[in-house]
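Each of the next two complexes has chain A plus one more chain, namely chain B in the first and chain C in the second.
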Partner chain A sequence: MPENLNIPDHKKLKAIYLVIVLHTMQIGVGIAGHPRVVFLESGRDSFISILIAAIALHIVIACIVYVLRSFDGQDLHGILAQFFGKWFGKLITFLFIIYFFLLFISVLVNYIEFVHAFIFPDMSSWFISLCLLSLVLYAVLGGVRVAVGACIVFFFGSVWMFGLLIEPITYIQYDNYLPMFEASPRELMSGALKTSYTIIGFELLWFLYPYLKDKNKVHRYSQLAMSLTILSVLFITFVSIGFYSNNQLEDKIWPLLSTIKIISFPMFERFDIVTVALWMIIILPNLILFCWMTSMSAKRVFGGKENYYMITVCSLAFIAHYFFDSRYNVNFFTNYVGQAGVIFGFVVPILLVPFAMYYRRKGAKQHAKQS
Partner chain B sequence: MKRRFRQSSYFPCKIETLQQDLFTDFFNSSPDLASKTVNVEGQKALIIYMDYLVREEEVYNHITSKVQGAKQLDYQTIESEVPVTDIMELKTLNEIGGALIEGYVCVYIEKEKHCIVIPVPRIDQRKPAKAETESLIFGPQISFSDSIDVNMNFIHKRLDTKTLTAEKFIIGDKIPSEVRLIYLSDIANDEAVQEMRSRLNSLQVDDVLDSSALTQYVEDNSYSIFPQFLVTELPDRFCYSLKEGRVGLLVDKSPTAVIAPVSFLSFFQTTEDIYTRWNMGSFIRLMRLVGMFLSIILTPLYVAALTYHYEIIPDALLVSLGHSRSRVPFPPLLEALILEFLIELIREAGARLPTKVGQTMGIVGGIVVGQAVVQAGFTSNILIIIVALSALASFTAPSYLMGSAIRILRFPLIILAGFWGFIGIMFSFAFISIHLIRQRSLNFPYFVPIYPFQPRDFDNSFIRLPFLWSYKRAYSNRPKKIRRFKKPNR
Partner chain C sequence: MQNNRKITLLIVGLLSMMIIPSCSHSKDVIEKLGVVSAYGFDQNEEQVLEGTTVLYQFNPDITNASQIIHSTGSTFNMVRSNANKKSGYKIVNGKLQTLLFGPTIAKKGVFPYLDTIERDAAISDMLYVTISEEPARDILSASNYEEAPNIGVYLNRLVDTAVLDEKIVSSKFHEFMRDYLQVGREPLVPIISIKQNKAAIEEVGIMQGDSHVGSFSMKEIFFVRLLREEFNEGRLDLELETKPFQDYIKEYQGDNREDKMFIVIDQLQNNSKINLTNVDHLTYEVDVSIHGRIVEMSQRMNLDKAAPLRKLEEEIDKKIKKNLEAVVKKAQQVNADVFGFGVKYNNRTRGEELTREQWQDLFPNIEVDFNVSTEIKRFGIVQ
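Let's look at the complex of A and B:
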């Protein structure tokens, strides 16, 4: 059995940070392209797809919290090792490590893609990734408190950007939403599946849980974070569908950024360039926490120092991003990572619930015997 | 010299020997060592002191005359006659020398086994002057003086409570100076006091130049550009911070005091915000923060926009900008760096010169050079406006150290903006944010109340609420008593 993570009390974080941290983890590069992806599947009824995904999301969060609560302050690796034994548990955690690492790379290459498409077509991608990775390392080496702090500060630094959508809202054509309820259930489901790619990132809860102070509020706050994410996804999709006529939306790779193109201030003629630069602080929390999750689990599986794993993750990512040099590659890769996300993010927690129930019953019996 | 110190019983000795030893060995034949031999009924006594360290008139009136007038020379008589407390008996030459430096008068009666020292120190103090670097318009104008006694007096006068605690430390192996750790024992956080105490205790240096130098010895991260302790010259600000549950340091011979732990935002506050009404205070506080932000970002934004992102410049502005840029032979990066450097030069020259010349310097530098630079086609008009605005904004920071940090921070930002446009700017902003999150001040978080997120502390950091609402101390200092007063039922 793996050792308990003994986090001293003064190093623990407030549970309310979950609202922001989980939300920022979910919102990342995906959201810029999300309206089109859903629209391609379920058309004008995208909001139903998102709502279906939302229900699944809330259930999954409930499952995760249920499983986590069956154990006292264990993270995912500890729980898996408890269920499946030391070696098999390590194997599954290792799969998770690879998955997180791939997510890390996918966020990185997608952002590089953004920069190439919107600001500097010729900027060498190694330089952008060097910038981002050095920031990630600087934050992550400060420990989990700094990582979480960066999320919170960057959240407040970027949340006002929702206000930018006010102007596009005034251009919404209500005909674009009609007729409703056209999509077949099959289309709706595949739209929901695509939505779930966008909203992965809540796996962080598995790892952050031991670091939280008031554990009885964890469920409430993480559900709140999920609803926040769903609301923002819904809002952005809603605006994008209303803003573009049908065929237009299918052509835009990043509808959100294209929407922001129309915004101009007295001092900024085109705000989308600023937005893409600002997107850096939207994806940085993702990168920072994925890096932390990866190195954290690597430390749990292989032992050793966390700092070395962090440096390893960043240098591996620096090398790996070279293989994604074209839009096609990036898209292909992101899709596959998204599909893996459905398994790792949505299916695994549900599979773990019966084990947790069994464990709880056993624990209760033992408890009864002892007393 | 060493030989004599080791002798366990220096006394009794002849008074000539004592005089000679002090003169040649301890004070390196200093001309300031004054001594007088008194002879009363065959018994000889020596009175010796450093003449500029004692109040000589009182030495004559109360010591020399008493010794001379004594019927019989012994220490009891002198001690009962001399109207001074704290008379000590000393036995080694080393101790006597140390006491003489501190302004004691040494009296030795021949053949006795010890000598006595009587404190009559002369403390020349400047009058408490007006605050120069942190001047207030509204509120107390007084600033700390450079004597620790006077400064303690200021503080005691303002904080007339028995919980005001001052701990004494002697820092410096070669040239010791006195450091006082001051806090209100019923409010200040114990961890902060303990941490500061242990840092002072473990400090091993030859000498401490000033309180701002001491700050750099005991601060958390010496590599950061941001100051982590607040150095202030205002007694009222110092006392206000103590009342908020912070810990203060006073260093002898230094006209500034140190306050810790502080947050990033405390560098943008003054006590004036509290003296004025709450709405004005809040407005000015927010204005300072906006000023800081503008001061950092304006020039990099100009450089980035003109180098790479000219799409973002609106049509109307583009014409005038292009017109004034058309004569400039440099790329925007170089143009901005030259002008920023020029402003820094003017500022530094103005600061080094005497006040009257400094003002002329500012006018010549600011107006004449600025005008000429534009007319000669070195820079564009708009850049002049931007650079002047950001220089102006950086001076709104009430703390000189923070203002300088912001001004220096602009240069790497401009360079990054010139090389990589908005990506460079965003990179540096993200870097600064992470850096600020990582900082700690006396092991307390530095970026509070933004992180750790503490909405209850937005009062007294970003804004200031009316006292009716602001009845609690800041949570982030973790004071022992959080309530300032009971909330009135109104």
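Let's look at the complex of A and C:
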């Protein structure tokens, strides 16, 4: 077995953390613009698109767990090396590294767009990214346990934000949901594809699996995390479609943040500003874990120390975000990353299943021979 | 534990990063800002926008913290920056509460001036869009605005009170845009007028798209609201004929009985349902059920008995039905569907989206049937 991961028991995590970690990993910048993006494709039938994406998601998670279980505590790179040999395996992992790095940048630049649009139009991008990247670096250098711990703390720090949607719900016009079932299958499918950018992030399971203690519960908890994400996405889409009239929703770039714009408290005249600031809590787990995934895989491919790769990732991201300083570039880039997400997140696990089946059968034969 | 300490430090770092950047904006000190609470817009003969900016300052040293600046420009933002030439304070829009459009703009269409409000995240979606039949400049220079800091805040309170009191239909910017962009339901906006140097809401404007085409009186707007929204504790005063109640009316006042009686219902709640019964002929059936309690009657009768109570409910039904028919007719005359009949039509026709032009051809010819049922739940502590 090439490059086996030996994780000492005291560094391992409980599987139940997956529920929160995978969920926070999926919810990030995508969700703020998601209702519009899906609505543009499948109109009032966005629910169906999301449900199609949900079914695909659950199947993919089942595939990932099936592949991971065929091996004993390997991560994605270990599995790829097993299937395709050392060099070809490294090549595929390298593609994954690039993909994770692009996701990392897309989260960063999208958040910088939020800050520019909502709070500080004149704040320089480098300052925002410096703030974020230094936090990311600090967390990720602490190791995977700190990264996961931060996710859990930040999840509870941000989950109350669903309560902010109570006031928008009172503005819902139920006529906006009718007539239903108008979209063609083609529109529904492209809506489901657009949902993919919002719900990617579950690839983390490939890398976190070796670090988990009770591996027999992994499947249960990761499916639970997926349902949690889908429910959140459905809820937010439901509120946005009801809150805005159809043509209005098509105009709003970030329907979720615009929805929160109507909330005002005596001590907070404009709560959306607080929300965008607090959105940092939502995206930090994404950034931390994407950084960890990138540098982890880089270490597995190229060898060397993980810490150096973390610093490299953050510095490269700091340089790279300069190329995305306009809305057009950010949208263009995000769009392509979302499409890459369909391939790397959804297609690859399904492609790996036949290999895992073959491997299992071979293993069973060998076992039979030996006995 | 090592990890816990790291996570704690991470949170501290995060919080400081959320707070520290706000210190970089030291140029926006509140004492140096002129905070706009209302804008009024008119247009002169040369198609130039004439803006009236109402702002106040937070400087503790000045006694009269409110001022009004007149400026011109071709866009919303030009008006603001031209206003800033006449003020030593930096004019900011963050607390904009009321927009007032004078008749010149209201008749032509207000949408071109609303773009920046939607586009600029700094401006709230909860400001009120209002129009007036006198120039906005005159309305905003009214000097009596109660104890409010300035006329802009007063206008906001005026509209807000009426909305909370369920006297008018709310026209917050979000709601205005929602209805404007929705085909088949037109927005309604309050018309501010000036009476004895004090601004007041006298009528509600019917908008066709974004232009003002007609008005409902405050009495009529109750019935429009009955179809559009739900009342939680509405109040309705009706004028009924005395004749049908001849047998029940108690003879307290002898023979000088009038042939009209007035009743006031409050705590009124309603449930209105618009049903499209025939898609081809566009016939609608509207079920309105109302319940409330009587707080005032100008003629007394024994409501403890079933017969007079039922008779009263029946007469109220008839009266409300008559009024509902009148408001729908009025809306049809100006061809502005403020009730949302078009939305119901669009919901029933699958496949194709209704366009504004199509619905404007269809709306004047729709037929609406009303079924009103009133229930008097309580009538106070006398019979």
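By definition in this document, the second predicted complex is superposed on the first by the 370 of 371 C-alpha atoms of A that agree within 3 Å, B and C clash if a C-alpha of one lies under 4 Å from a C-alpha of the other, contacts with A are read in each partner's own complex, and residues count from 1 in each chain.
Please note the rule applied: contacts are C-beta pairs under 8 Å (C-beta built on N, C-alpha and C of every residue); 3 or more make two chains touch, one makes a residue touch a chain.
Keep in mind that what you see is a predicted model, and the values were worked out from it rather than measured.
Once the two complexes are overlaid through chain A, chain B and chain C clash, as defined at the top of the document. After overlaying the two complexes on the shared chain, residue contacts for A:150 are found with chain B and with chain C alike. Legend: residue contacts after superposition of the two complexes on their common chain; A:326 is shown touching neither chain B nor chain C. In the superposition on chain A, no contact is made by A:216 with either chain B or chain C.
With both structures placed on the common chain, the touch criterion links A:173 to chain C but leaves chain B unconnected. Using the contact criterion defined above for the overlaid structures, shared-chain residue A:246 touches chain C, although it does not reach chain B. In the overlay built on the shared chain, the residue A:281 is in contact with chain B and with chain C. When both complexes are overlaid on chain A, the residue A:123 reaches chain B and chain C alike. When the shared chain is aligned, chain B and chain C each come close enough to touch A:264.
In the overlay built on the shared chain, the residue A:17 is in contact with chain B alone; chain C does not reach it.
It is stretch 434-442 of chain B, out of 146-154, 434-442 or 452-460, that runs into chain C when the two complexes are superposed. Touched by chain B in one complex and by chain C in the other are residues 120, 123, 127-128, 131, 135, 138-139, 142, 146, 149-150, 153, 157, 264, 269-270, 277-278, 280-281, 284 of chain A. The residues of chain C lying in touch with chain A in their complex are 3-4, 6-7, 9-11, 13-14, 17-18, 21, 24-25, 94-95, 118, 121, 124-126, 172, 174-175, 177-179, 181-183, 340, 343-344, 346-351. Interface of chain A with chain B (complex): residues 14, 16-17, 20, 115, 119-120, 123, 127-128, 131, 135, 138-139, 142, 146, 149-150, 152-154, 156-157, 264, 266-271, 273-274, 276-278, 280-281, 284. Residues of chain B that touch chain A in their complex: 308-309, 311-315, 317, 420-423, 425-427, 429-431, 433-435, 437-438, 447, 450-453. On the chain A side of its complex with chain C, the touching residues are 117-118, 120, 123, 127-128, 131-132, 134-135, 138-139, 142-143, 145-146, 149-150, 153, 157, 171, 173, 175, 178-179, 182, 244-248, 251, 258, 261-262, 264, 269-270, 272, 277-278, 280-281, 284.
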